[in-house]
Amino acid sequence: MAPPRAGPRRRPGLVTLTSDLGWAYAAQVKGALLRACPTVPLVDLTHELPRHRIAEAAFVLRAMASSFPPGTIHVAVVDPGVGGQRAPLAIRCGEGSVLVGPDNGVLAPLAHALGDPRAYRLDPRRIEPHGRVGTTFDGRDLFAPAAARIACGEPLGRLGTVAPFQDRRIPEAVRGPRSVVGEVVHVDHFGNLISNVPSEWVPESPVGLAVAVGRRRPVGVPWVRSYEAMGSGRLGTLGSSFGTAEVAVAEGSAAVRFKARTGTPLRFRWSRAGVGATERVNSAPSLPRHRR
Amino acid sequence: MAPPRAGPRRRPGLVTLTSDLGWAYAAQVKGALLRACPTVPLVDLTHELPRHRIAEAAFVLRAMASSFPPGTIHVAVVDPGVGGQRAPLAIRCGEGSVLVGPDNGVLAPLAHALGDPRAYRLDPRRIEPHGRVGTTFDGRDLFAPAAARIACGEPLGRLGTVAPFQDRRIPEAVRGPRSVVGEVVHVDHFGNLISNVPSEWVPESPVGLAVAVGRRRPVGVPWVRSYEAMGSGRLGTLGSSFGTAEVAVAEGSAAVRFKARTGTPLRFRWSRAGVGATERVNSAPSLPRHRR
Amino acid sequence: MAPPRAGPRRRPGLVTLTSDLGWAYAAQVKGALLRACPTVPLVDLTHELPRHRIAEAAFVLRAMASSFPPGTIHVAVVDPGVGGQRAPLAIRCGEGSVLVGPDNGVLAPLAHALGDPRAYRLDPRRIEPHGRVGTTFDGRDLFAPAAARIACGEPLGRLGTVAPFQDRRIPEAVRGPRSVVGEVVHVDHFGNLISNVPSEWVPESPVGLAVAVGRRRPVGVPWVRSYEAMGSGRLGTLGSSFGTAEVAVAEGSAAVRFKARTGTPLRFRWSRAGVGATERVNSAPSLPRHRR
């Protein structure tokens, strides 16, 4: 008897696409997916990630993809090592989602966020039975057809074999009693500096809050709840939509102001928590604050 | 007996997405929508509107969304006041479309264009029964799940209560016998200055047409039917795809040439209408001229 | 009895959209398509092609669209001559795909790649029975509704009449025994110079490879298999994802380095093929090498 899930599903699973390829190259990935599975529902997340930046891609992908429903297939192609030896992967997570892409660490933080990851090393000979001559566009020629077959219900065990994967983690901030040391993990398209400091590590109404960017001196900064509250051109710190603290310049670019980029250290310190802050932090330590 | 439309529809309604969030944040909105309604058809309009510019967003949204079929759900997140007191809205229009977003005026011109608007103030407690702690990303946490439930057929009366909405209008141009005074309401991605002057207010073949941008002196300008007719680097005026007159520099940027932006005044004047123009204007006053 | 395919199909055909319109104008095209056929599946390829560049659009469209499944409807709106005399076209290709857009050469290379093209000149009176007054946004008002009706199964013969089409070809490179002369046919969003030189015309491990860009002197350049192999800021030549040779600067812009653009001549020469190169070229002359 046929095993469950061995054949095509009635409705193919949802596939999301994330890359640093730009829209024109990404179009070829979409074509290859639809050629292998013409009714697969596709959702573009972005194709304009900063090029070849593994750590930043891993952070942004985790934030973008983790709000999707269980069972989604997430394809992520940020692949500076294409043509080299890194393995092609598909990772099934506990809640049924599958991550597809090169084994360079981009998928790992999302895999851990979704939980219970089990990785398969994709076998190109099973996915491209006729082979390729000299091509190294794995996004189109390997990951797209693999994702299409997964979306149509093919089990991962038919496309590859269980294997370990590169276990990159988002760098962790270090917490003191009245300070946190972290770093910029993403510069968004407004020039806001997104840190790896969980928003709830900074008290909600801190007194004497200051931020030091890179090797610069600390500058006093208000903790605000909205850009509007900052005033045009003014500096502020707030909870980002990634669940972490962010340094922003209202209607300006903090990245330009501080000459900062991904990897730049960020230190927050404050003299004491404001009224009501302790209670909030204690009652809901696991839920990030967001804005937008 | 169950009232009509009270339960989920067979096929969820089409949802369009418009924002100034950039693609990476918009991905989180899409994930939240699909989590609440996995088969909802999504169409991105744009996520790169100029940031926090309510008036311009309202103008562009009206133009983009009004060509969609009746029954479409349009989500628009341009929300400088997030975290503040502005109400979250869903507006049902006469032809069955629903507009979802903050009550800051972005939705109003589209609502009037679609006709017969009836607004509901969304109740976060009905949409997010478990609450949020400190987050202010309403696009993802409130508007997306609300839109998903509307797309699946849930009546607005279950998500909120009837309420007034902020009644912003697109600024109106003022018409003289041989002149019009308006303003720039949008600078498109080519740098063309899109005005609020209905194209048919300028005669089709005006003699002695001149345009004054901001406080600059009027300069003579041809009324053309295509960019091609202008000649590279040359100034021209034509009917825009928004149904209004536009000032453009062929293969260049009128915004740079005139240092103009949204809100910059624009005055057109002409000495007399050319041959055939009067007839065209009279016979079809309500239909805009477009190009592209 | 009704002829086969004369009525609407059960599931509308897939429609792809390519343009230089920017996302805001493209939204109006999508709305018009969905208004005419509310369940049509849409896939954006890109709306940010370099503006009004026919030759470049033709090259990129062919690369993007040719990986899509047979039966796809490709709409391409790069239309500097809108409002002029160029014909509106729909071209059915042998494998069932249909190309829709203005007759200015953008569609021709894709039509030839798909094979057996048969063009119809669209009749606006059959597509817009109530006419238009003065508008020239054919992407929204003519091509979108035509594509929607084709996607719903309407035969081309009902929308227009068989006609010739402008037969533009991608410029061809010229091959010598140890050199190739071609040109830049696309500058991608990284600034890489994509040539019209088939990758397999350059031997895989050429000795003494040099490239001359424009009227500059030849410079020695390695043939690499990945950007990573080049080293930051270094020049390299590799097989592009378009199947042709590309000149790139790792983590930089070759277009800026050489002040090159579409149409700039490119000459490759080498002193002899490296080990193993001849065999590869001989055994698989028709398959391009790719990267990414």
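Labels for the chains are A, B and C, by order of writing; each one numbers its residues from 1.
Assume a residue touches a chain if its C-beta (ideal position, glycine included) is under 8 Å from a C-beta of that chain, and two chains touch if they have at least 3 such contacts.
Fair warning: this is a prediction, and the values are worked out from it, not measured in the lab.
Because subunit A and subunit C carry the same sequence, their contact can be compared by residue number, and under half of the numbers here are used by both. Fitting subunit A to subunit B on CA positions gives a rotation angle of 120°, reported to the nearest 5. Inter-chain spacing, taken between the CA centroids of subunit A and subunit C, is 31 Å. Counting only residues that touch two or more partner chains, subunit C has 44. Subunit C meets subunit A in the complex at residues 11, 14, 16, 18, 41, 43-46, 48-49, 60, 63-69, 72, 188-190, 199-200, 204, 225-229, 239, 241, 251, 280, 283-284, 287-292. Subunit B meets subunit A in the complex at residues 21-25, 27-28, 30-32, 34-35, 38-39, 42, 44, 51-52, 77, 79-84, 132-141.
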